[in-house]
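What follows is a group of structures, each given as C-alpha cells.
After this come two complexes, each holding subunit A, first together with subunit B and then together with subunit C.
Here is the complex of A and B:
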C-alpha cells in the first residue's frame, strides 16, 4: 500500500477510536458533550511536549497523558454531572474552548497557534493504530454488554427509576465520563502521531461536533453502526478528492453533502442508520448452517 | 404473628401549603398484603414516594426491619430491600425484558469497570449468576417467553407484569405496587389478580403494599386496608369492615343529602 493509503487507514481508525469514546458517554449514559476533542488535545499535548522536553520515552509519556486526561475528566465531572443534560452540553463547549485557550497561553512550550510539530516518528504506526482501534472497540463492546452498560442505559432512560433499583447514578456517570475521556485521549495521541503536528485548531469544538454527527449517523445505540459510519464518512471526502462534477471539485461540496445527509437521517431514521441494531455474525452463521445441511443432504442422496 | 417489617409513625409531607400526607402511621408484617386506597389526590403515591425516599418527609419516622431509615438515601433504601413499581410502568426501553430484570441485580455484582472491559474471569462468573437469577425469576412468573422482546413492543398488561418481575428479582422484603391495574382492561385485571396470587405463593416472605382504585382487586386480594382522603387516614381494617364503613362510602360516593 502507498503511504497515502496507509494514512487514510489511520484516519479511519482514529475516527473510530474517538467515536467509540463518544459512544460510551452519549449512547450508553445519555451524556451529550461537545467537548470531547479537548481531551484529545490535553492528552496529545502532554504526551508530545513531555516527550520532547524531558526526553522520556513516548509510551511512558502517553500513559501520563492518558492518566492526566482521566484526572481532568474526573475533576470536571464532579460539578458538571450534577447539572441537567442541556446545561452539561453547554458546559462541555465552554470547557473545550478553555483547553484551547490554555494551550495558546502555554505557547512557550506548545508553540501556541503555530502548532507543535516536534513529534517523534514511529515505525509501523499503522499496525499500532489498527491494533489500538480493535482493542478499543472490543473494550467498548464489552462495556455495553456488562452490568455497567445495562445500568448506563437504564439511567439514560429514567434516572429516578434507575435509583430505585439501587443504581448510584452519579457515580456511574462519573466513571463513564472518565472512561470516555481516556478513550478520547487515545484518539488524540494517534492523531498526533499520524499528522506529526498538533495545533489548538485541530481540536476545536467542530471536531467534537463531528464525532457526535458520525455517531448519530451510524446509529444512536449501535456501536458497530457508528464505527462503520465513523470510518466511512471520514474517509469518503478524501476519496472524492479530484473527482469533478460539472467542472467543479466535488470535495468543495463536502459540508453541503454532510448536511444533506444529516437532514435526511434526522427526518427518516431518527435513531441513525442502524438504530439500535448491531452488525452481527448471526445471519452468516445461519447461512453457513443452512449450506452445511444442504451439503449433507446432497451427500446422503 | 409475623414480625413487623415496615412501620411509619406520624409521617408528614407538605407541598407548599398543601398537606399531601399528614399524620400517617401504619405497619406491615412479613408476608402480608396491604392496600392503601382513596380517591384521586388523597396522597397515596406521595406515601410511596416517601417510603422509597424519592421525597424527604417533613416529620415523622420510617422504620424498616427494626432500623430507622428516615434519613437513608433512595439508593440505599432500594438496596436494603424495598422495591417498587411506578404508576406508568417505567421500564427501561433501551433494554430487552431479560436485561430489564438483570439491571435490578446489577448494583450487587462484584466486578469492576476494567474487568468488564477486558472480559476477565470475574465478569463471566458474576454475569452468569445474574443471568441465572433473572431467568429463574422470569420462569417462575411465566414470563420467560418474552425474555428477548423489547418492553415497548409488549401489551401493557405484560409490561406491568415485567415491571413487577423486575422489582421481585432482588427478593425484596417489601414490594410496593403503585396502581398495578391502572390502564388495564377487565380481562387483564383478572390476569393480574392471578399473577399477584402466584407471587403470594412463590415469595411468601415478601410483604406487598398496593395502591389501587379498583375495588374488586383490593377486596379480593388484600388482607388489610388503609383508606386515605386528603392526606388523612379515614379508616383502616379488613376488607369486609371497610366495605361498610360510612366514612369510606362518603369519600368515594359523596355525601347523602
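Here is the complex of A and C:
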C-alpha cells in the first residue's frame, strides 16, 4: 500500500477509537458531552511535550498522559455529573474552551496556536494503531455486555428506576466518564503520531461534535454500526478529493455532507443506520455449517 | 476607570442577554438547548451586512435591524421545519433535538465559510464619532446604542410574554403541552411562535454584534457559548434570570479581561461556572430546571 493509503487507514482507525470512547459515554450511560476532544488534547500535549523536554521514552509519557486525562476527567466529573444532562453538555463545551486557553497560555512549551510539531516518528505506526483500535473496540464490546454495561444501560433508560434497583448512579457515571476520557486520550495520542503536529485548533468543540455525529449516524445503540460509520464517513471526504461538481470542489463540502446526512438520519431513521443491531458472525457461521453438512453428505454418498 | 469598565460590561452583558433570552425562550417551551441559535445569529449578520451594502446610500439602521429580524424569523421557521418538526411528531427523546440543533449550527457556519470565506467584513460605521462624553466618563456610541436597543427589545419581550394572550399560551405550553391543548391552545402554532421570537432575537443580536465586532462565520457560535452560559446560570427557561445572569457575565468578563488579560478569562470563567453550578445547580431563578419524577 502507498503511504497515502496507509494514512487513510490510520485516519479511519483514529476515528473509530474516538467514536468508541464517545460510545461508552453516550450510548451506554446517556451522557452527552461536547468536550471529548479536550481530553484528546490534554493527553496528546502531555505525551509529546514530556517526551520532548524530559527525554523520556514515548510509551512511558503516553501512560502518564492517559493517567492525567483520567485524573482530570475524575476531578471535573465530581461536581459536573451531579448536574442535569443539559448543564453537563454545556460544562463540557466550557471545559474544551478552557483546555484550549491553557494550551495557548503555556505557549512557551506548547508553541501556542502555531502547533507543537516535535513529535517523534514511529516505524510501522499503522500496525500499532490498528492493534490499538482492535483492542479498544473489543474492550468496549466487552464492557457493553458485562454487568457494568448493563447497569449503565439501565441508567441511560431511566435514571430513577436504576437508582431504585440499587445502582449507585453517581459513581457509575463518574467511572464511565473517566473510561471514556481515557479512550479519548488514546485517540489523541494516535492523532498526534499520525499528523506529527498538534495545535489547539484541531481539538475544538467541532471535533467533539463530529464524534457525536458519527456515533448517531451509525446507530446509538450499536457499537459495530457506529464503528463502521466512524471509519467510512471519515474516509469518504478523502475519496471526494478532486471531484468537481458545478465548478466547486466537493471536498470543501465535507462537513455540509455530514450535516445533511445526519439531518436525514434523524428525521427518517431516528435510531441510526444500524439501530439496535450489531454486525455479527452468526449468519456466516450458519452458512459455514450448512456448507460443511452438504460437503459431508456428498462424501457419504 | 472602574465606572468605565462597568458601563462597557453592562453593554456587553446586554448583547449576551439578547442571545441568552433567545435560548431561554426556546428552552422553556421545548426543554432542549437550541444550539442552532448561534448559526442563526451568524447568518443574520451576513444577511444584514449584504442588505446594508446593497443600497446607496445605505438604509437607516433601524430598517436593517427590521430586515434582519424578519430574516431571522424566516430562517428559524425553516430550521424548525427541516430539523425539529418530525422529531416533535414522533416525540423523540431530547438528545435527538440536541444533536439536530448542533448539526444545524455547524451546517450554517460551514455554508457561510464556503460561500463567503473566513474573511472579516467590517460593518459600515453609523456614527460620525465613535465616542461621546458625559462629565469625565467616555461612552462608546456603539455600545450605548446597543445597550438601549437590547434593553428596549428585552422590555418588549417580557411584556409580550407576561401580559398578552399569546404570551399566556406560550407559558401554558411550557408548563404542560397536553393540558394546554385541552384549554383550546394549539401547541404547534405556539411552538412556531416561540421559534419566530427566537429567530427575531437572533436577527437583532446578529446586527448588533456585527456592528460591535465584525461579520465572520463563527461570530454566532462564540456568542452562543456565552449566551448559553448566561441562560444556564440564570436557570434554563427563566427569562428574567437569564437577563440578570447575562449582565453579570458581561461585567465579570470585562473586569477579568482588564485585570487578567483575555487569555486566562475563559479559564476563570469556567471555574466560576463550575463552582456556581456546584453550589446552586438550578441557577439563579431555578424554576423550570427541576426534573419531575
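One rule holds in what follows: the second predicted complex is superposed on the first by the 293 of 301 C-alpha atoms of A that agree within 3 Å, B and C clash if a C-alpha of one lies under 4 Å from a C-alpha of the other, contacts with A are read in each partner's own complex, and residues count from 1 in each chain.
Heads up, the rule we're going with is that contacts are C-beta pairs under 8 Å (C-beta built on N, C-alpha and C of every residue); 3 or more make two chains touch, one makes a residue touch a chain.
From a predicted model like this one, the values you see are computed outputs, not experimental measurements.
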Check: In the superposed arrangement, does A:292 touch subunit B (first), subunit C (second), both or neither?
Finding: neither
Item checked: Touched partner set for A:142, first subunit B, second subunit C, both or neither -> first
Check: So, does A:5 touch the first partner subunit B, the second partner subunit C, both, or neither?
Finding: neither
Next item on the list: Please indicate which partner A:175 is in contact with in the superposed arrangement: first for subunit B, second for subunit C, both, or neither.
Entry: first
Item checked: More subunit A residues in contact [subunit B versus subunit C] -> C
Next item on the list: Could you tell me if A:117 is touching subunit B, subunit C, both of them or neither one (first, second, both, neither)?
Entry: neither
Notebook entry, point to check: Between subunit B (first) and subunit C (second), which, if any, makes contact with A:216: first, second, both or neither?
Noted result: second
Note to self: Contact-wise, after the overlay, does A:160 reach subunit B, subunit C, both or neither (first, second, both, neither)?
What the structure shows: both
Item checked: Touching partner for A:90 - first (subunit B), second (subunit C), both, neither -> second
Check: First (subunit B), second (subunit C), both or neither: which does A:104 touch?
Finding: second
Check: On subunit A, what residues does subunit B touch that subunit C touches as well?
Finding: 160
Note to self: Which stretch or stretches of subunit A touch subunit C in the complex?
What the structure shows: 26, 30, 32, 34, 76, 79-80, 82-87, 89-91, 93-95, 97-98, 100-102, 104-105, 160, 206, 209, 212-213, 216, 252-253, 255-256, 258-260, 262-263, 266-268, 270
Check: Which subunit A residues qualify as touching subunit B in the complex?
Finding: 139-140, 142-143, 146-151, 153-154, 156-158, 160-168, 175, 179, 221, 276
Notebook entry, point to check: Okay, in this complex, where on subunit C does subunit A touch?
Noted result: 32-33, 82-83, 86-87, 90, 92, 94-96, 98-100, 102-104, 106-107, 110-111, 114, 225, 228-229, 232, 236, 263-267, 269-271, 273-275, 277-278, 281, 289, 291, 293
Notebook entry, point to check: Where on subunit B is subunit A touching in the complex?
Noted result: 52, 54, 74-75, 78-79, 83-84, 86, 90, 92-95, 99, 102-104, 106-109, 111, 113, 116-119, 123, 126-127, 130, 166, 170
